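Two complexes are shown next, each including subunit A; its partner changes from subunit B in the first to subunit C in the second.
Presenting the complex of A and B:
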């Protein structure tokens, strides 16, 4: 026979110590996370620019005007300043970076899962890119991508002779690759470590049984490794998309140390919003674009939740 | 449970007692004036404190606390200070930002104080243009230093090809000289010398680099009452087209277009270019020993001279950048802050700071000082400041800087030829789009 669930107050009384311990965190979260977020949402309904900046939250209330401008007015300032193109590039960037990071991380994790001499040293060395701050990665790769003196063109053109001419990476269409590759380079070690930890949880018995049944290496990977690693790669997929959609530092530092415009194929949503808000003092429009991006990401998380939630709930990991 | 409440109450009491003591603390000793500056020299805070030493000696009741903030985050920090009222007493402001920040009404009026300095006439006219929002009749900042840009050229290259400074005096001569250098395919000290170095799209100075060419061809950014952008008109087109043409014709090497000013300067110092445009601070850099971060002893340092911008069809112009000093309305010590500004605007302090940073003073009388008259390179600025020009001090210009940088950056990207073989440099289209965007910004700024 099922017993009725205890009333909420009784439950709270029962776990009062636990609640007491999480209360400071809740208060801090409310103050440093929710209050600014609500403030940002409110700002998106204001005409907050250089003229009204000092009024701050008292700036003229213009309702949904900023949203209408972004979504339906192709002649609005926010649209002609390249927000649409930035949204397109951000989607491509986030998608490619996330998938490439997980794929590379998985490949390296499979290699490092084997027993060989120096495995621990290799793991440590491979993890190094992850501990380099993003703005340093942007700065370093900015030098490496240089047309004439960058090491990348030196290797591709002078050493390997793969290219007939040294291309520009920091101007034009190639800027998309110039921002994707360093982000993947920095991100894959984290995916590798997470997936390696996941691999170590998979019992060897599954593989032994599959071998006896005649499964080849690919079949073992496809039918055992990948499904059993699903909780890990699904989590990496979610976090990767969120981090990469909000990516800023690498792009900001790579193009003239935050000096200018990375071009239509290097400009992401966050760099575009940053320029609109802090460069041009269009804080209301910048806040509206940020809120729309947040709503889009909430949608993405809900889609993810629909497909993967059951895989990452306790017990399946 | 009661124990928790007693503990929480005790914590609150303790915290409030602490706050009370701090707030009620009586200020003893000298007044501290907090000042934000940007990295104007190798050791920004120390160099300024050195200049302030005589002030500190004569004003024992005032202590200036200097904080150096990066140019990249300066606008962000100044915004926060403008909104919150929590910030420095005095701040350095880029001269092209004065309109934007004055429009926020966060800066204190300094109009009544100006006569005590000797009035506006003591400053270079182009520098004074940026002292306050145009049309407001209010002075919100005092010009501190100026960076009139000039042309740095290699004397050994010129000697080798029989060129003189007259050969870079006008646009026409300048282009002929560039062509001569290009065709000569000079190799000096093992280094191929390209005619001209200039940054393209990845640089803070995109707009400042373009403006002198627009002005010299008779164009302008805005119309006379600043109600509309006009730089898509024929004159401006001619200026933009001439400057971009220097890269299209191969006088500026294509790889240069992805570099920033500092990188172009470094390559000039190594001997890669015969000429390039830069601020007066480069003279200081070329005289500073390498171990102190300078470029003394490099190929360029041993063989360089300085010339004015070449004159265009409508005259000679140079972009007049620089920085001003402003006081926030929320300043805790306005009287002391003004004393600091008045000292920094004095002739000895202006010369001392110019010596420390390499930038040039905003005061007219400083140019009669031996610091300028007796220096073989620096004396060019006595002439250069006469051709200085800056943007109108209206809020729209500051707000439009990112948009203008984007459009001119696009043009440089088109020149670099990186959008495929079918891509052509469409100056008209890009300028029309930039004007359209700027006009919206102007309409929203009113």
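Presenting the complex of A and C:
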């Protein structure tokens, strides 16, 4: 005779302390995330601008007009200029930053995994960029990239003679690199620490067995280290993508007083939406663009789920 | 043996090079912070969100009164960035004047307002002219001065060529020097071109004893007891339009488009300062002074002229796309406040101009100076900000850690109905763009205040609440199985 699964209610009653534990988090999520998100989504269906902001959710309902204008109507007055370009830049930026961060972090983690004197000191020093706030990073690198007075052009041109003349970093196609490099610089130590922790959990026996089998260093890395670290770098990949697609602080601070506009070369989705919402007061269109971005992000996470979810241990996510 | 040694050295050098590259920006930041900046700019205030020309500034008891193109503001110095809007909109082309006692006189396009000089409270309003809206836009700037209980108000009215010969209601009162009796609170009369003023458009006013110097678009006039007693034009050395007036008690400084003209008490020409004396431009838009130093604002920046040394000791220039068009200057204590046409007020350190400073030993690149750190505490309310950060950070961490630990414990310890949904929801919260929250959360806090009387806006509580909420939904992600 098959034993019936305990009824749902009984299960829930059995775990009532668990519900009590997650209750504060649920409340916070409801108030800080869920309600504002619903309002935000509703805002995207409204003609919400400078004039109608006072009515807020009572502003004229215009259905999908905001979405249609953003996506298909380049002549519309409520379009957000340069959103397509911003989407392109954001995609490149997010991919390059995420992959470079993980690659650099992995390289450094392998380097620092070795036994040597002063290992702790070296790890602490390499971790320093991560503790600098993003706003300071943006400001600092903004000064460093300056054409004439900036230290980077000074080093590359005057000291090392790598460049024949001083290029503009904050105008033109170089802008993309000028925002990617600081983000990677600030982000890789975190990846390094996570991957180091992962490396330390890999048992030495695998490597010894592989050595006996005659595997060289590269084969050991490719067939042992990388697969066993997959939970860590898959997680880093997910959060890297999320954070970098929603990146705002560094770009905003680097192009500071000009309302954070880096020109079409380095304009990200978030800075673009920020300008549309709080510069041009097109809150409805801004909310619509945010919703589209969110949908894209959810799609990305679903793709990630399909490829990596099974590798990331069940308890971890 | 040797190979092992070599690989060690190689490893160490690779590590050191990487360390140098990675820490280079931090090192550069630290070194820069220890250098004395050559710029005497110690801070600037972004004070209106419109790019308004700062037309006049007035310091009193640590309060700064500012008149801009579209509003008048009060900034109390104790609270950085705390601005109080005194009046705003089309009726205002403000000018301020400090009258004897506790009174502050503000002239707008249509009236004269008497304010309390300490808190900016409006005490009374004296209507002067009933001007149609359409014509108010033509008033580009105003000035006001008080001589023996009379307020004198002048406007610069710019008309388009087709409006030039058009008359409008209020014209007879508006164009010329308006005289307002502050004791009887009424408008008396307007002194006009046909009564001796060189021009009806008035650009600057300066009281001098019982007299009043009136700068117009075509020369300077001295007014005594509401009568024009002296007119100085191009023949007397005052060329063209007077743009600003200032005096140190013995000398009258007249800023014109063609240099700074120095006159004595009788209006006789003493000298002239211009580009040939080292000023940035001949065009003088604003002027202030302290001691032997003369601060001269021009269309591209600020020049500092030392009258004892008889030369320009410092210039601060920004030309190009967004030049520093210095339209207002005010000296208060150790600082010089510089208002520019793009709507910024910048605070410069005055003592950096002093003569001793000039003779100081030249700086070498290796000099370590702590001035930046000292100024951080002296000129910016860094302590306050630091305290704010500390309070918010500590309480947020405490709350978020406690609550998130509970949730993470429940998630990893038990498998209850909905636990999968909950962990997916935690991940999903990260997927919402931050900008989407801003307005809803703000308005939610407004509602909280209405419904429960909890002050979440402009308080630690609100920030801590939001940050804790974000952290609580984020931290359970970092639990391990």
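Keep in mind that, in the parts below, the second predicted complex is superposed on the first by the 302 of 317 C-alpha atoms of A that agree within 3 Å, B and C clash if a C-alpha of one lies under 4 Å from a C-alpha of the other, contacts with A are read in each partner's own complex, and residues count from 1 in each chain.
As a working rule, a residue touches a chain if its C-beta (ideal position, glycine included) is under 8 Å from a C-beta of that chain, and two chains touch if they have at least 3 such contacts.
These numbers were taken from a predicted model, which means no experiment stands behind them.
J.: Could you tell me whether subunit B and subunit C fit or clash when both sit on subunit A in the superposition?
T.: Subunit B/subunit C on subunit A - steric clash.
J.: For A:12, is the partner it touches subunit B (first), subunit C (second), both, or none of the two (neither)?
T.: Only subunit C is touched by A:12; subunit B is not.
J.: Just subunit B (first), just subunit C (second), both, or neither: which does A:160 touch?
T.: Touch status of A:160: no partner.
J.: In the overlaid three-chain picture, which partner chain does A:43 touch, first (subunit B) or second (subunit C), both, or neither?
T.: A:43 contacts subunit C only, not subunit B.
J.: Where does A:56 make contact in the superposed view: on subunit B (first), on subunit C (second), on both, or on neither?
T.: both
J.: Now for A:212: first (subunit B), second (subunit C), both, or neither, which partner does it touch?
T.: neither
J.: Look at A:293 in the shared chain and tell me whether it touches subunit B only, subunit C only, both, or neither; answer first, second, both or neither.
T.: second
J.: Could you say whether A:29 touches subunit B, subunit C, both of them, or neither, answering first, second, both or neither?
T.: After superposition on chain A, A:29 lies in contact with subunit C alone.
J.: In the overlay, answer first, second, both or neither for which of subunit B and subunit C A:81 touches.
T.: first
J.: Kindly classify A:279 by the partners it touches after superposition: subunit B alone (first), subunit C alone (second), both, or neither?
T.: first
J.: If you count the residues of subunit A that each partner touches, which comes out higher, subunit B or subunit C?
T.: So, of the two partners, C touches more residues of subunit A.
J.: What part of subunit A is shared between its subunit B contacts and its subunit C contacts?
T.: Correct list for subunit A: 56, 257.
J.: Which of the residues in subunit B end up touching subunit A in this complex?
T.: That would be residues 1, 4, 72, 75-76, 79, 82-83, 100, 103-106, 199-204, 206, 254-255, 257-260, 395, 398-403, 405-406, 409-410, 412-413, 416-420, 433, 436-437, 440-441, 444-445 of subunit B.
J.: Could you please specify the touching residues of subunit A with respect to subunit C in the complex?
T.: 8, 11-12, 14-15, 17-19, 21-22, 24-26, 28-29, 31-33, 35-37, 39-40, 43, 56, 108, 111, 114, 116, 122, 125-126, 128-129, 132, 140-141, 143-144, 151, 185, 239, 242, 246, 248, 257, 270, 273-274, 277, 283, 286-287, 290-291, 293-294, 297-298, 301, 313-317
J.: Okay, in this complex, where on subunit C does subunit A touch?
T.: Interface residues on subunit C, with respect to subunit A: 11-12, 14-15, 18-19, 22-23, 25-26, 28-29, 32, 46, 403-404, 406-407, 409-414, 416-417, 419, 422-423, 425-441, 443-444, 465-466, 468-470, 472-473, 476-477, 479-481.
J.: Spell out the residues on subunit A that touch subunit B in their complex, using ranges where they run on.
T.: 16, 20, 49-51, 53-54, 56, 76-77, 80-82, 146-148, 166-168, 170-174, 255-261, 263-264, 275-276, 278-282
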